[in-house]
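We call the chains A, B, C and D, going by the order they appear; numbering starts again at 1 in every chain.
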Amino acid sequence: MVQAINDGLRSIMKEDESVLVMGEDVGPKGGVFLATENLTKEFGEDRCFDTPLSEDGIIGVGIGMAMNGMKPVCEIQFQDFIFPAFDQIVSEAAKMRYRSGGQYTVPMTIRTPYGGGIRGGLYHSQSGEAYFAHTPGLKVVIPSTPYDAKGLLIASINDPDPVLFMEPKALYRAFRQEVPEGVYEVELSKTREVTPGGDVAVFCYGAMVPVCTEAAKRVKESRNKDVRVVDLRTLMPLDEESVLQAARDCGRVVIVHEAPRFCGYGAELSALIAEHAIETIEAPIKRVAGFDTPFPNTLENYYLPDARRVLDAIEEVLDF
Amino acid sequence: MDDPFQIIDEAGNKVGKAPRLKRETLLRMYRAIVSTRAFDDRCMKLQRTGKIGFSIPNRGIEATSVGGAAALDAATDWIAPHYRDFAMMFYHGISLEGMFDNMFGNCDDNAQGRQMPVHFSFLEPIKWMSISSPLGTQIPNAVGIADAMKLRKEKGIVLTTFGDGSTSTLGFHSGLNWAGVKKSPVVFLCQNNQWAISCPSEKQTMSESYAIKGEAYGIPGVMVDGNDVLAVYKVVSDAVKHARSGGGPTLIEAVTFRMGGHSTSDDPSRYVDAALFEKWEKRDPLTRFRKYLIDEGHLTDESAAAIETETADAMMAAAKVAEGKPRPKLGSIFSDVFEAMPKHLETQMEECISHFSDRDEAVNEKGEFPL
Amino acid sequence: MVQAINDGLRSIMKEDESVLVMGEDVGPKGGVFLATENLTKEFGEDRCFDTPLSEDGIIGVGIGMAMNGMKPVCEIQFQDFIFPAFDQIVSEAAKMRYRSGGQYTVPMTIRTPYGGGIRGGLYHSQSGEAYFAHTPGLKVVIPSTPYDAKGLLIASINDPDPVLFMEPKALYRAFRQEVPEGVYEVELSKTREVTPGGDVAVFCYGAMVPVCTEAAKRVKESRNKDVRVVDLRTLMPLDEESVLQAARDCGRVVIVHEAPRFCGYGAELSALIAEHAIETIEAPIKRVAGFDTPFPNTLENYYLPDARRVLDAIEEVLDF
Amino acid sequence: MDDPFQIIDEAGNKVGKAPRLKRETLLRMYRAIVSTRAFDDRCMKLQRTGKIGFSIPNRGIEATSVGGAAALDAATDWIAPHYRDFAMMFYHGISLEGMFDNMFGNCDDNAQGRQMPVHFSFLEPIKWMSISSPLGTQIPNAVGIADAMKLRKEKGIVLTTFGDGSTSTLGFHSGLNWAGVKKSPVVFLCQNNQWAISCPSEKQTMSESYAIKGEAYGIPGVMVDGNDVLAVYKVVSDAVKHARSGGGPTLIEAVTFRMGGHSTSDDPSRYVDAALFEKWEKRDPLTRFRKYLIDEGHLTDESAAAIETETADAMMAAAKVAEGKPRPKLGSIFSDVFEAMPKHLETQMEECISHFSDRDEAVNEKGEFPL
């Protein structure tokens, strides 16, 4: 996936002079995950450059650039380090269009790796999507395949509003997939049906998509039940209709994410269904999520939802 | 650091070399100060009578705003403003009606009544970046606008302003440091009015001055008498020239004084010594500049009085017009969140409109701003 | 309520020398809402003082003080201005005990006025409780009466963990209530049943409590139905059992808050019920909340949930 | 600013007045440097063989750490550390076993395996504040600890350390400004190793030096040769005395060089010129100090070699012990979130334990840290 992202950046930078990349170590080093490798070499210091160690600066300056004709792609090295920029994101980027009646706008993209999978402990593993999805004025996008990563990234960069593009670092090098050359977009706010099915709907995104797909496969094998795994892809604005449709079609729902459960993104999905489709629901709406604790290190793999935990939840709603 | 730079002394006498400015420009500067006072006055009355919720008095600091504004080229330059800079708007001829539309938050307000009063946003006749309440955030934003100018090979520069208290914010640190590294074409104008609400400078920072904070970023720092409009004009003009020619940023500290409360809701007698007000009354930027203009033959007592009456009348008239306009439409709650309205907001908008349209129960319109 | 808070601070400061108050304008001015009036006069500059204009500093320094034997009560002037301190709160205060295995702890209280009601527009009206309730390691408390405000504040200050104490500014001067003199505590993590009832459960907190109570009164009058209004008081850790009990007892649920709905705190309540009590639920779980937009100014009273909107929701679940 | 203060020059010759230190102390300092190298070495091997996930090489900057640490009184003072300060721990005799427990994240780790390696936390024999990954946050925390000392009338001071890159963070700005205003008993030690991962100082800031940033806060700034352990000791000791006697904070910039990658996962050849390494190799703090100690008669080639072997053996032995310990219990995921475990965590803990206890399916133990 990380190559697809690199390729996506390169493709859109070639096509659109207003796109630039900035962040800590994105220049000669090419980013700590190599997502920006060779971009400085290819496009020069003006188009891809290292910044001072200030997330508030990266986002604050990015906002200004975006207001004046550029399309900055700002990298936050780990999502855990986005919090020093929280004020600029929540108070400025998210509210600029609204508070100026559309006179000033912020077509900026913030790329950041999130989630577990690299033994990063408390501060290199967090999944903060709920903070941002709760903030009106921000879009939140999370890909789960190389193809989507490139297409959604380009769509995010071209979007006229600020987009937080969260990259599941656990999938950076998880599997290979050919992606088309050049510029293409995957439309925002459309879910992807990963596996068809009418028995249980499983909603997930990012690194949990392969986990859920594996669980679905096992249920098919053990119970011959068809699980509809839905990859949300865009968390805000959410494709609510397709979520509700899947819930109605299946009558049984499991929601999976890495972030802590309490007030996590899954709560919103559950609440949407409980508000708009409860009459079709035949079992408790289960959430499989990170625990309501900080993210541990040694025990990371006991913390992260795995196929077995998802499987258990699917079986539970099937048996209800 | 040296004493603040001065051209007109506290008694209104010329003590330095005045910059060459046309009579029209000098009078435009003067009018901007007078307009600001009249606007303040009108807003205070509107707030006291409950017609608007809030305003920010500018009394005492107008020379800083006008001197700064006059150094800009409206065709190319941007202002990323502090909220206490009305005189900049008057100098550049931003629509008075538009300003009052914002004070009343009516349907013609650029911000559609979403912001509190004084949080202006304009594109014309100069780019006046939408004002934010969180302090200091405009500083890195200004740097970004400036960097984009460089990348786009525009000739403009950005002037960003902020208070003394705002130097303690994140934005000050990240914005100035970045601009130092990138030699961004930006001018940082710190309006040192000696207070951050009730916090005096000695509790804000122990640095020798605010200007010296530039040292931390490799940015030249200049102190200027903020009540001397020509001195401010001069140092900002120099900084603008420096930035425009690729020389990078300058930090300017304009030393002035907030001659009143923080806002229309604040009572400064709780924390400001009355003697201080008396001391600074004698340095009033308006009287100083008026004396100078009269001495130079640009103004007479009569023409000065005429400007005052004229201006006050204009304020009254514009306020009336704005007051008479209806509130923004309910739909304005939901637009401009994103460029295109997503489905969930469409649904919420429909619910909201139908909820309020099928009854005439009045909603509670109370709510008083404490500060 | 604001007097009760002032009284609470004064009472605990008298009793416990390690308690101190700091923030912007909390000293001679007494706070912009006068919550800290006269504290500097009574306890001196060491115990109640103005800080530089840096929320990151207020919280960052407060954390250090708390680690070394003090119980700082940090005021953030408006909750909208807490975001510059978000990193210190989320990364440091919330995680210190966990990451040090209990060697270092942060018994700090952060007081901050939140919510609408003063024509404060985008930046003096926000309700950010969901951000904090989603962050493991923080407690979140919101009072709705003067009595609770004082008792919960003292309990928060005495709590060994960091507590975000959010004060509904709309209720600061809304009504009078005698509060006991001196120090007393209202236990954290216990809900308060505002009105008894078995027909509909309404969950709310802060400034929405009187709104919901009014709606309950109207339903009683118009339909003779008994609404159980539950004031959560502590949002994290939540008294889940009493929430689930109320949901089960009533079978119909309405959730009310000022914050935007999407990923708001109400989503968690709904999801909890949909996960643990769905078999007893007879109608959609309705949320009445702020819209998913920034907070407007002129139209504030059309944005905020009012008794009529709550009433409509109650009627809807009753009629389902 | 002046040239960095020096006592031992680059060739190991005494060029300034050496502080009066007992032989034991000098050797303790020396041992701390040697131990750090040995620890680095061991950790690199453990990381290369996949036994630990990550470490932070300290090579090149040890004199800064040791000089700083030696200026403290462990009975009263606290350290609010940067992550690249192992030598401070060795100087103060923090348990080597405890350090390795953390590197392996085993059941005896103070942090219960919750943190990445090198994020140490100790209460004894000196208060070593739990290390955080977000940069610069320890700076205002340190100021708060120091202010509490003043309020509680304790005699201690706080030493807080951070990198050159960390001067751009929020915490640097808010912490130093606050300490300036409050005259907090704190010493700010900036370890200028010239890199923030791959970002060199000229992209980090345009200030003349890091020490000069003190000007922005009214805090004296001092530059010292960070590879000269005695010079660092001297300036930190002076700052400690100043702080302890109520004089307030000092900002010290120790100029040194990171002789390797940012971490065990980093390849500096992508961005550091090889010539730079060669240049700084000649200023190696260990060889310099060894030569000095030999010249002064405190050490011989033989005793130096003995210390090295002994230290390397100790590392190997301690690593083995730590490696042999089991992982923390599953329950450790759920404890220490709050003092008392709330119900929802109890439930989650029970679910988690029962989930993993009723099967022997191995969980995926992969996952590589990129940096």
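By our rule, contacts are C-beta pairs under 8 Å (C-beta built on N, C-alpha and C of every residue); 3 or more make two chains touch, one makes a residue touch a chain.
The model shown is predicted, which means the values in this text are computed figures rather than measured ones.
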If you walk from chain to touching chain, how few steps can bring you from chain A to chain C? 1
At the largest C-alpha centroid distance from chain A we find chain B
Centroid of chain B to centroid of chain D, CA atoms only: how many Å? 45
CA centroid of chain C to CA centroid of chain D, Å: 39
Please tell me the distance, in whole Å, between the geometric centres of chain A and chain D computed from their C-alpha atoms. 35
Counting only residues that touch at least 2 other chains, which ones in chain A make the list? 51-52, 54, 56-57, 80, 83-84, 87, 91, 95, 98-99, 122-123, 136-137, 238, 262, 292-294
Residues of chain B engaged with two or more neighbouring chains: 112, 114-115, 119, 132-134, 168, 170, 173-174, 177, 181, 203-205, 337, 344-345
Testing understanding: with touching defined as stated, what is the shape of the graph linking the protein chains, line, ring, star, complete or other? complete
Complex contacts: residues of chain A adjacent to chain C: 80, 83-84, 86-87, 90-91, 94-95, 98-99, 122-123, 130-131, 133-134, 136-137, 236, 238, 259-260, 262-268, 270-271, 273-276, 278-279, 281, 283-287, 292-294
Of all residues in chain D, which touch chain A in the complex? 53-54, 105-106, 109, 112-116, 119, 132-135, 165-166, 168-170, 196-199, 203-205, 270-271, 327-328, 330, 332-334, 337, 344-345, 348, 352, 355-356, 359, 361, 363-365, 367-371
With touch defined as at the start, can you tell me which chain D residues reach chain B in the complex? 168, 170, 172-174, 177, 180-181, 202-208, 212-213, 215-219
Looking at the complex, which residues from chain B come into contact with chain A? 78, 80, 109-112, 114-115, 119, 121-123, 129-130, 132-134, 137, 139-149, 151-152, 170-171, 173-175, 177-178, 181, 335-339, 342-345
Write out the stretch or stretches of chain A touching chain D in their complex. 24-25, 27-30, 32-33, 50-54, 56-57, 80-81, 83-84, 116-124, 170, 262, 291-294, 296-303, 306, 308-309, 312
